[in-house]
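Structure provided below as C-alpha cells; questions to follow.
As written, the chains take the letters A, B, C and D, and residue 1 is the first residue of each chain.
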Amino acid sequence: MKKLINDPRAVVDESVEGFGIAHADLVAVHPDPLFITRRDAPVQGKVGIVSGGGSGHEPLHAGFVGRGMLDAAVPGAVFTSPTPDQIIPATSAVDGGAGVLHIVKNYTGDVLNFETAAEMAEADGVTVRSVLVDDDVAVEDSLYTAGRRGVGGTVFVERIAGAAAERGDDLDGVADVAQRVVDGVRSMGVALAACTVPHAGVPSFDLAEDEIEIGIGIHGEPGRHRIAMEDADGITQRLLDPIVADLRLASGDRTLVMVNGMGGTPASELYIVFRKVAQLLDGLGVTIERSLVGNYITALEMQGASLTILRVDDEMLELWDSPVHTAALRWGA
Amino acid sequence: MKKLINDPRAVVDESVEGFGIAHADLVAVHPDPLFITRRDAPVQGKVGIVSGGGSGHEPLHAGFVGRGMLDAAVPGAVFTSPTPDQIIPATSAVDGGAGVLHIVKNYTGDVLNFETAAEMAEADGVTVRSVLVDDDVAVEDSLYTAGRRGVGGTVFVERIAGAAAERGDDLDGVADVAQRVVDGVRSMGVALAACTVPHAGVPSFDLAEDEIEIGIGIHGEPGRHRIAMEDADGITQRLLDPIVADLRLASGDRTLVMVNGMGGTPASELYIVFRKVAQLLDGLGVTIERSLVGNYITALEMQGASLTILRVDDEMLELWDSPVHTAALRWGA
Amino acid sequence: MVQPLDTAWAVRWIRETARVVAENRALLIDLDRVIGDADHGENLDRGFSAVVAKLDAGDAPGTPAAVLKQVAMTLMSTVGGAAGPLYGTAFLRAATSLGDAGEVDAAAAAAMIRAARDGIVARGKAEVGDKTMVDAWTPATESAETAASAGATPPEVLAAAANAAHAGAVATEPLIARKGRASYLGERSAGHQDPGAVSTALILQAASEAAGGEVA
Amino acid sequence: MVQPLDTAWAVRWIRETARVVAENRALLIDLDRVIGDADHGENLDRGFSAVVAKLDAGDAPGTPAAVLKQVAMTLMSTVGGAAGPLYGTAFLRAATSLGDAGEVDAAAAAAMIRAARDGIVARGKAEVGDKTMVDAWTPATESAETAASAGATPPEVLAAAANAAHAGAVATEPLIARKGRASYLGERSAGHQDPGAVSTALILQAASEAAGGEVA
C-alpha cells in the first residue's frame, strides 16, 4: 500500500485539518468530536442541512459545506459511518431555529447512527427530519434486503435541498424537495481497479488485467458481477441501461447528469464516458439540462466511474442554478 | 492497461468532444485542426491568451478556458505538444485586435511548435508575445540543458495573465505580469506509481511497493531519483525544501500555494500534504494568502502530488481574486 | 477456576474482549473486506480500546450492569458503522436486564444474553439466516436458556452461549446475506463467514473465559 | 539493383520510411518510455502515415525536392512534440538544398544530408554528444561527404550515411542527455539509446534501401 498519509489511523483527522486550513474562509472544523460547519453557522431562521457518513468519499461531504448546500458535514472513520456523539453537536450547531434536515445515505450503519442522533437532538429541543438516499440501481430494493445504497444521488440531494433551505423554505418544504430528488435519481457504478482502505493495507478486491466489476458501491465492496474488460462506450451503455429502465426515462424527459470519478480515474476518461451518455440520451430524446463531470463522490483511489441521472423539473433546475459556494461546487457566488 | 477509453488513438478527440458538450455554455470546440476557444471569442479589444501542450494533463489547459483565464487551449496528442497548424488558427480566433499572448511550458516540442506558430501568426498580422513557464526545481537550469520544465506554475500564470487581460491590460502589460509570475513560482513533484500512456499500453516506469520517485514531471517520465517510501510529512518536506531554497522564501513572504494531484491521488491525501505545507510555512513565518488543493495539472492516472508556490504581491492577489469562470476554476462569476 | 459473575468478572470480560478483538483485528478486517468494506476489525478495536482506556482512567463502576452500561455508551460513541449502534444497544439492554444486582446468577446470565440479542434484532431488523451477528446471538441465547433451565452454573451458561455463538458464526458461511453491507453482493456473499457473527462469538467466548469457563 | 535518385526514389524513400517506422513503432515508444515520455514511435507513425496518405491521394510531386517539401509540411502539422518541428525542418532544408533538380547526384546527396542536419541543429541547438538525433545526423553527414568526395555513387553516399547514423545511434547509449526530455533524468538517462537517433538511422537506412543500396 502506497499512500500520501502518515499514521493510517490519523488519516481522517489530518485530512480534515488540512481541509479546514485550506478553506478557512468557508468552514470551521470542530475537532473533538469531529464535524465541520459553515463558517457562519447557525444561520438564523434557515433550515440547517446536515449530512455525513464514512470518510474516503471526498469531496463528499465536507467539500459541500457552505452557502446553498450543507450547513454541517460529519465524517466517520474511513468507510465507517460517524457516531451519534458527532452528529448531535453538529445538528445543534447548525440549528437556526427552523429545524435541521439529516441527509442520510441508506446504509445500516448510517441509518442507525443518524436515527439515534436525531432522537437525541429532538430530546434536546431541535426539530429534525431525515431523508434517506437510496439511488443505486445495482442493488435490489426489497423488503427482505437492506434496500438500495445511497451513492451519487446524494450530491444532487445535498445541492437541491441546500438551495431550498437557502431560499427560505421551511423544514417540511426542504424535506419534501429532498425526497422528490431521492425519488427521481438513480445511479450505477463500475470499477476497473479496487481501492485500499488505509487500516486494511491490501486492496479491497482483486481484479485481473482483463476484468472489471459492474455495480460497485463507494466502499470498495465488490460489485454485482464481474465481466471482461470492455471499451468505454460499451461500459457506458451498461451503466446507462439499468438507470433508464428504472427511471422509465423517455423522450421529452429532462435530466441532470453526473459522470463521477471514483478517485483514481483521470478527467479525460470521464469526459469520454460523458460523451457517450450524451449521445445515448440524445438518441432517446432525453435532454441533459445540466451536468457534472469530475470527482464528487469517490472511494479513495478506486479506478472507475459512476453515472447518476436525476429527472428534473423547473423547480429543481431553478434550485440547482441558485448560488452555491462550497469547496467543491461553486457558482453564482 | 485498463482505461475507460475506446480506440487509444481517439482518446483526445473523444475526450475533448465530451468536454465540449458538458461545457457548451463556456467553450466552443473546433475539431479539425483541434482547438478550444471561449464561447464568446474573440473578445474585442482584449488581449487573447492561448496555451496548449500535450494532452493528459486535464483539466489543464481546456479546463481553464473562459472568462478571466484562457481564450484558447490547444491540445496535442497525449504528452505530445500540438502542431503549428492547430496553434495558428487558435491564435487568430482569439485575436480581438489587442494581440495574443502564448503561454508555453518549457519543453523542446512545445517551444518549437509555438515558436513556428507565433512566427506564422505574426506573418498573418497578429501580434504575438510568448512567455515560457519553467518552474520545476527538480530540473537543473543551465545553459547546457533544455532548462527547467513548466509544470504546476502554469496554472498560476494562466490565471493571473488571464485576469490582467480581462482587466484590459495591453499585450506588453499582460506579458509582463505573466513573466513576473514565472519568475516567482517554483514546483516540485513526487510519484507513488506511474501512469500508462494509452498508445504505449504499459506503465511509464516501474516502482516497487516501497519506492517512490522524487522530482517527477507531468509526462510519466521518471524523476530525478528514487527513494524508499516515506510518510506524507516526510515527503512534503522533500517537496517544500528545494522550493523554499530556490525562491529564498523568508519570514514575511506572502504566497499562493497549490497542492496538486497527479490524477490518481484522492483529495484526502492532498489535504494531508497541504496540512504539512501549512505547518512548515507557518514555521518559517511565510503566509499562505490563497491556496488550491486538487487535480489541476495531472499526468493521466499517475499517483502522486506536486507542490507549487508563488511569491505574491498585492497586484497578483488582486488579479487572482478577480472573477474567473472556467470549467475547472470558478469564482466571482 | 470458576468465578462468580460479579463486577470483577464484568471488568475481566470486557478487558478480555478488548484483547481478543485486538488479536483478531486483522481477521475481522479480512472477513469484512471480502463481503463488506474492510473495517469491522478496525471499528471494534477502536471501540474496545476506548472502553479499556475508560476503565483504566475512571473509578471502577459498582455493579456488572454499570460496567456494561459504560461499555455501551463508549461503543456507541467510538465504533460507528453498523456494529457501533448494534453492539451499543446489545450492551445497553444487557445492562438494563441485570438491574442493580451485584452478582449474576444462571437465569440472569441467560436473560442478559437474550436482552442483548433482542436489542440487536429490534435495531437491525435482521432475522435468523440473514447472515448477520443475529445468527450467532440467537443460538447463543437458546443454548444459554436451555442450560439455565437445566440447572447449569452461571459459567456453564456462558460457556454454552459461547459455543453456540461459535457454531452459529461458522454456519453463516454458506448463507446469502440479506441484511447489512454484505447483502449488496447478493449470491457472491455466500462462502464467507459473517464478520459480525465471528466477533459475537469472540465477545461471548471472552465472557465465558472471564468466568473461568471452558469453551469447547 | 542500384537506382537513380530521382522523384520515384524520393517517393520510395518516404514510403519505405513509413513502413519501417510502423514496424518499429513499439521499439521507438519503448526507447522513449525509458528516458522520455513514450510517444516518439506513436508520433512518427502518425506523421508518416499522414505523409503516405497524402502521397496516395494527391498528384505525384514533380521533383525529389517537391516530395521532401510535402513530407516536411505534413510532418510539421501532424507529428507535434520535439520530433515534428525537427524532422519538419530537416526535410524542408533538404528539399531546399536540392533545388529543382530531377535527379540527385552524389555531391547533392551529401549536401542534402548536411542541410537536414544543420536545420536540426539550428532549431534544436543541440551539440554532438547531447544524446539527441544530432548524434546520428552528424556522423551521417560526415560519412556522406567523405564518400562523395571520394567519388562514391549516390547510392553509396546514402549507404555511408545510413551506416554512420546507425553507429551514431548505438553510440548514444552511454551518454548523459543534455537536450530534450531525456535531459530531465540527468545521469539516469545513461544506458539507453536515444529514440530520435534511432529513428534517424531508420530514415536514412530507408533512403539508402530505396536507392538499392546495401546497408551493413
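Details
What we mean here is this: contacts are C-beta pairs under 8 Å (C-beta built on N, C-alpha and C of every residue); 3 or more make two chains touch, one makes a residue touch a chain.
The model shown is predicted, which means the values in this text are computed figures rather than measured ones.
The chains in contact with chain B and with chain D alike: there are none. Of all the chains, the one whose CA centre sits at the greatest distance from that of chain A is D. Distance between chain B and chain C, defined via averaged C-alpha coordinates, is recorded as 55 Å.
Between chain A and chain C, the centres computed from C-alpha atoms are 33 Å apart. Averaged C-alpha coordinates put the centre of chain C at 76 Å from the centre of chain D.
Under the stated contact rule, the graph of chain-to-chain touches is a line, running from one end chain to the other without closing. Taken together, the chains touch in the following pairs: A-B, A-C, B-D. The part of chain D that touches chain B in the complex is made up of residues 29-30, 33-39, 42-43, 46, 76-86, 123-124, 178-181, 183-186, 188.
Chain A makes touch with chain C in their complex at residues 9, 33, 54, 76-85, 107-109, 112-113, 115-116, 138-140, 144-146, 149, 197, 199-200, 202, 204-205, 217, 219-222, 224-225. Interface residues of chain A, counted against chain B in their complex, comprise 1-7, 11-12, 14-19, 21-22, 55-56, 58-59, 63, 192-193, 209, 212, 229, 231-233, 235, 263-276, 278, 291, 293, 295, 298, 300-301, 303-305, 330-331.
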